[in-house]
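See below for the structure under consideration.
Which chain is which? They are A, B, C, D and E, in the order written, and residues in each are numbered from 1.
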Amino acid sequence: MIQIIINLVSGGLLIVGLFFFIAGILALWRFPDTLCRLHAITKADNLGLGFIIFAVALQVGWSVLLLKLIVVYLLILYASALNGYLIAQYAHHQDKSNEVK
Amino acid sequence: MRVFDFWLPLIVPLISMVVGVIIFFLREEQRSLRTFLNIAGAVVKVILVHFMVLGVYQNRFYEFRLPMFGDVEFVLHADPLSLLFAALSSVLWLVTTIYAIGYLEDSPNRSRFFGFFSFCVSATTGIALAGNLITFIIWYELLTLSTYPLVIHRGTTDALQAGRTYLAYTLLGGALVLVAFVWLNSLAGPVDFAERGSLAHVADQYQLQLKIIFGLLIAGLGVKAAMVPLHGWLPSAMVAPAPVSALLHAVAVVKAGAFGLVRVVYDLYGLELCGQLSVMPFLAVLATVTIIYGSLRALFQDDLKRRLAFSTVSQVSYIALGISILGPIATTGGIVHLVHQGLMKITLFFCAGNYAEKLHIHRVSEMDGVGRRMPWTTLSFTLAALGMIGVPPMAGFVSKWYLGSGFVEAGQSWVILVLVASSLLNGAYFLPILYRAWFAQTDDKDTTAISWRLSEIHPGLLWPPLITCLLALLAGLFAGSPASPLFWAEVITAREYGL
Amino acid sequence: MTVALLYSITGFLLFLMGICGLIFRSSLIRRALALNITASGIFLFIVAQAYKGESALPDPVPHGLVLTGIVIGASATALMIYLIGVLRYVSPGDNDSGEEE
Amino acid sequence: MAAATPSDILLCLLILSLALGVLGDANPFRGVIIFIVFGLVMALSWTRLDAPDLALAEAALGAGVIGVLFLVALRKQGEKDVSLATQRLRLNSVTIISGLLLIVFIVYLGALGVFSAWKTPGKGLVEPVYESLHLTGVSNPVTAVILNYRAYDTFLEIGVLYLVMLSVFALQPDEKAKFTSTEQYDRMLRSYARGIVPFMVLAAGYLLWAGAFRPGGAFQAGAMLGGAGILLHLSRPAMLLDMRGLVARLSLVAGFFSFCILGILAMLYGFDFLQWPSHLAKHAILTVETASTLSIGLTLTGLYASVERKLISPAIFYSGEEDNP
Amino acid sequence: MTAHLVITVVLVPILASIFTLFCGDMMRRVVCQIAGLTVLGSTCLIAYQTGHSRDVLNIVLSGWEAPLGIRLYLDGLSALLLLTTAIIAVCITFFAEAYFGVKARSGRLTFFWPLWFLVWAALNGLFLSGDVFNLYVTLEIINLAAVAMVALPRTHESLKAALNYLVIAFLGSLSYLFGVAILYTSHGTLDIQLLAELAGIDGPYILAAVLIFIGLMIKTALFPLHFWLPPAHASAPTPVSALLSGLVVTASAYMIIRLGFTVFAPLMHTPLTLLLGVLGGLAVLWGSVHALIQERVKMVVAYSTVAQLGYVFLALPVVVSGSDLAAMVWYGVLYFVICHACAKTAAFLAAGTLINVVKHDRIAQLSGAAQHWPMVFMAFGMAGVNLIGLPPSGGFIGKWLMLQAMINSGQWLLVLILIAGSLLAAGYIFRVLGIALQTSEDSRPPVPAPLQLTLTTMILAVLPLLLGVFSQLPFSLLAVGSPFGALP
């Protein structure tokens, strides 16, 4: 019984996560310049990934694997924060040099 | 003494090679050491060769065998024919070394010259003693390699051009001989030169191939023997210094080709097979054409050495003619002519060298009254020239006489016409020189008596022509005695024909 | 159409693509990329052939070979990239240690 | 044999399209980016084909370090597609013919070869490896293969890495690396690196240790170490990698030298060259692996530093500069 | 005992390469010389023992038998090649020391020595290896090190040549690797002897053969794939050129013969070898003609490499017709390759001595050089004798056997190409010698060539002549473990 509920909840969470990913890709496709795209994609992807990992965690239950999943998620957050910063810096630098030219 | 018989054939070519290597590393200034080494090497070689001649006469068996790869072996075998050629080249090498030392008194890089000079003679003796196909071609190509630097010794542009033509001809000839020998080796397996030919066991199977191989061999050896279509390199190689043109282009290189022909016809194919394949008329015609063509071209040469070169082209073909007529007397004549022509031709070249060196005369037209100024040289020149024409006391007459009677005995009477015609042509291009040398009136009309002093030229340059001219005279006069080349030629023919 | 065969064909196609890229591209960096793709193609073919199905254990020897291959390919590419760097640093005609004439 | 599922087909199509992207793209910068993605997807395909060790190596080394080197090479070259039209593989008639000949020949024979190869699937060396796995001192079969069964291959392969580093030293300009880089260092990147690098070194240690019983090993750990080194250099532009020190050169040679020493020791004790007796196998492999990880990490960092012109090569030490190493 | 001796042949150069990284200048020269001489000594011992015991030696590495572990395979052929490589390598080591002189004592050129010893170790490893993948790794080491050494002068041309060489060599290695992969998947083993037993003509086997042969043809610079060799020689320092033309190309020629006559033996009797023969013929003609028109001595010798290695492929079609001919071809080609390695290295070292003294090797300005440096041109002449294939040299024996095999099998076109190749070779060798032997007017006092350079050149020039005269010993050594037994 509990199992069915857990399956249902993780299924739902998976779908939500997927929805955020698709939203991110749509944003990437639709938005005009780099900075807007960057803003959308980082937010949507991280959130989507959070939901997916939560869904998988539900399936796995209390075990070392759960700990590994959390560490993986933290690492990805940490990395994507830096990527966002670097790409933004590069884009900003690029715009400044275009105006100067 | 067994072991000595095994190593002797190897020692003979090796002496001059070792001497050559040592001379290479001598500095230019060490003149006396170089002279000593040269003379010593030559003398030791002459003694050893004559020791072998005596041994073979008492039919001792000298053979050196070194297995190279698979069933192919490096064989040096001393039989009467090879010793004849080895004796000729070692004696003449001794004489020419003396001449060369005198001739190249102050010219540059003599170490290089004498090094390659002794390499060349070791190659000639190697060819003489070669016992099978691969040994023959090894020494044959080594001869080309060692004569090339001598031809271009002077380093002038036309010397280089002469070297290039020389290489083009001889390497092509070498390649033809290589292909022929490898083909023969694949047909008949490793084949040694044997007294009465060694291809009997394959004679009937490969009639056509053997004919083609014979043609290739004639072409390949013909290059060195200066047969007509392939003689171009000989006249142009006259640009080399006198000792080179004397020893090499009169004796060593040209005779190597002729000796190769004798080997192929008698010791490789054998008489019956040659007759059976009916290739002999082809060789005879080629020889005749060369004789006539050579003499005709010699008529119109104004340069003395080029005239002598063309006369060599025609004289060597006497040997080929003698061989191609399958009669014992004709063969003896051909083989003995190999020696006689060598002696006479080398005298002529020595005299030409003396004229160039002392009086700076290169052309026949400048030779007026030369006899008055250099009587001894001109005397030896005259005797040798008469010998070439075939005047009785000289060796030339003996060999022409044997050739003539051989042709009659073999029933080929048309060949005598060739012999007579070529003798007349010889006379036509030698006698004017003699007339100019002795009787032509020089403008200053000094009618003082000819001073027969022996100091007309450096002794090293004077004595060699005299010695070789004397040898030719003795070979002619004492033809019958056992020590003469004619006797030895008869021994060879006897063994060839199995009489 | 089994898994191993599919991946072998992909590997083989990668190999061909790499060779075409090598022949028709002249810029050196592009050629380095093409060489790497050819190498990846070969490794894919090897590992695909070593795959023995879902349950069975794969054959480890090709895995060892491919590991060695990857490291060798990487070091060769690294050398190539370094040489490209030095080539740009050295202008034509300037010979650093004039050894020749 | 398992049938090919749709996901496999998708993965293969993805690989092929990425490869086309790398080769076909006009802008080399985009080509390199796609190449890095191609490397990661290849790592994915290795996991699909039950080769986790290769996935790690491909991700860390193939996509990671080599991708970075490509990016740096491009940055040095400037944005425009300098096609660096160096002396091309002279596209005269001969090379084109030989190229086409090669392709036609291989496509025809490939069809013959690949398909028929499949018809006679060789069983490979699966049984012998697993039978004697217990003697090799490690339980991960791939590590057993590269460090015990075919240790000689790995010995020479470490030699290849050592060789590339030598060639880099041989081609470094002689004058001291006096270039103080102009870029101001980026505070954000610096703090990020300070946070992540220790974790990477720890992960490299774990990979090295896990190599004995789980996918991992010397090369993957070495690549991880190299990645950490490169990240350090990225975050501190002014930092120069000084290879003149004795320690630096020793650690560079460590992997190659350890193989030699252990091999000779084995020979002295009467075993074959590079043969680890079963009871000592684990320790021998571990020492060799640590040494190799050290030298691979340093080599990869050194390669990055040299392309970035930040390497002080030991050659300068010999050129009379007697300052203390 | 020889098992440990064989391993030392690979290990000593590696240890030398590592030590030269740490020691100062004086120590480095000592280490180089000691390492060189020890390897030479051990190769002589190996050759003696193999010749004496007349049996093949299989050395198991890391304790695992053939299909799983790697096996080193030592037979007469590899013993002879090890010996020749050792002699050539020692000469190049002493030559390079004198040639680089003070430049290599400090600065980046000091790294020539570790690279050089690594190549030597890889060469020894390659000649010994009995495992197909192991051949790939050793070949890769040789190529990468050769690329690095070609790029050593850091000039624009040398770097471009090195990059081109790297691209093509890498492509060759990948094609070889793909062939090895297919062999493994269809036969399940990498050991040469086991593969030879399992060899059977089917789809993957032919594809593997094609790929491996294409890879090795690239490495031996066969005709359509030889474009990387001449530029690599033009700008590489002379010891590297000697290494490239003498040993690296010989290594891949050895691999062709080794794999051709063991793993791909059944394929050798198919008309596939006819294609190789045609390519070989083209290589001989193309290389010789190009060598005739070069204006630098090194380029003449480089194109002559392309030509001479054409003979390896020229003789292959003969194998189709009969097995006793195959034996003749096997012995002829191998002996030719070995003598070619010595002669080619000697020719390059002679050119190098010339460059060291005159700072250029343009043929036009060499007139009269033979007067000032007679020994250098004597060595070049002797090496030339072997390249042409004139009798006293080993090359002649190789050509004699090849010629005999060609005539027996009735392939007259090949005979023609072989003879034409020899005559063309005579053309370009004597062209250089002719110009050098001119008497030059300018009598500026010549700088004498350093003794160490001339001595090493002379040793290597005399070697092929010795191999020619005393050919009985090498042939008996080659017969040990040859697939055809002793030469018929």
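The rule is simple: a residue touches a chain if its C-beta (ideal position, glycine included) is under 8 Å from a C-beta of that chain, and two chains touch if they have at least 3 such contacts.
What you are looking at is a predicted structure, and each value in this text was computed from that prediction instead of being measured.
Visitor: Spell out the chains that contact subunit B while also contacting subunit C.
Guide: Joint contacts, listed by label: E.
Visitor: What's the fewest number of moves from subunit C to subunit E, given that each move must go to a chain touching the current one?
Guide: When the steps are counted carefully, the minimum from subunit C to subunit E is 1.
Visitor: How many links in the shortest chain of touching chains run from subunit A to subunit E?
Guide: 2
Visitor: Would you kindly say which chain has the C-alpha centre located farthest from the C-alpha centre of subunit D?
Guide: Centroid comparison gives B as the farthest chain from subunit D.
Visitor: More C-beta pairs touching across which pair, C-D or B-E?
Guide: C-D
Visitor: Farthest chain from subunit A, going by mean C-alpha coordinates, please.
Guide: B
Visitor: Can you give the whole-Å distance between the Cα centres of subunit B and subunit E?
Guide: Distance between chain centres: 43 Å.
Visitor: At what distance in angstrom does the C-alpha mean of subunit B lie from that of subunit A?
Guide: That pair's centroid distance is 100 Å.
Visitor: Would you mind pulling out the distance in Å between where the CA atoms of subunit D average out and where those of subunit E do?
Guide: Going by mean C-alpha positions, subunit D sits 30 Å from subunit E.
Visitor: What is the distance in Å between the mean C-alpha positions of subunit A and subunit D?
Guide: 30
Visitor: Considering subunit E alone, which of its residues make contact with at least two other chains?
Guide: Each of 68, 109, 133, 137, 140, 144, 147-148, 151, 154, 160, 163, 167, 184-185 in subunit E touches at least two other chains.
Visitor: Show the residues in subunit D shared as contacts by 2 or more other chains, in ascending order.
Guide: Subunit D, residues with two or more chain partners: 86, 89, 95, 102, 106, 110, 114-115, 117, 121-122, 124-125, 129, 149-150, 153, 157, 160, 163-164, 167, 171, 173.
Visitor: Using the touch rule from the top of the page, what residues of subunit A touch 2 or more other chains?
Guide: Residues: none.
Visitor: Which chains touch, pair by pair?
Guide: Going through each pair of chains, those in contact are A-D, B-E, C-D, C-E, D-E.
Visitor: Residues of subunit E touching subunit B in their complex?
Guide: Its residues touching subunit B are 331, 335, 368, 371, 374, 378, 385, 390-392, 396-397, 400-401, 403-404, 407-408, 415, 419, 422-423, 426, 430, 434, 437-439, 471-472, 475, 486-488.
Visitor: Going by the contact rule at the top, pick out the subunit D residues touching subunit C in the complex.
Guide: 1-5, 8-9, 12, 15-16, 19-20, 22-23, 28, 31-32, 35, 38-39, 42, 45-46, 48-51, 53-54, 57-58, 61-62, 65-66, 69-70, 72-74, 76-77, 81-86, 88-89, 91, 95-96, 99, 102-103, 106-107, 110, 114-115, 117-118, 121-122, 124-126, 129-130, 141-142, 144-146, 149-150, 153-154, 157, 160-161, 163-164, 167-168, 171, 173, 217, 219, 300, 303, 306-307, 309
Visitor: Could you please specify the touching residues of subunit B with respect to subunit E in the complex?
Guide: Touch residues, subunit B against subunit E: 24, 66-72, 108-109, 112, 134, 137-142, 144-145, 148-149, 152, 154-157, 160, 163-164, 167, 171-172, 174-175, 178-179, 182-183, 185-186.
Visitor: Can you tell me which positions in subunit A touch subunit D when the two form their complex?
Guide: These residues of subunit A touch subunit D: 78-79, 82, 85-86, 89.
Visitor: For subunit E, which residues are in contact with subunit D within the complex?
Guide: By the definition above, subunit E touches subunit D via 3-4, 7, 11, 14-15, 17-18, 21-22, 24-25, 59-64, 67-70, 105-112, 114-115, 118, 121-122, 125, 133-134, 137-138, 140-141, 144-145, 147-149, 151-152, 154, 160, 163-164, 167-168, 182, 184-189, 202-204, 206-208, 210-211, 214, 224-225, 227, 231.
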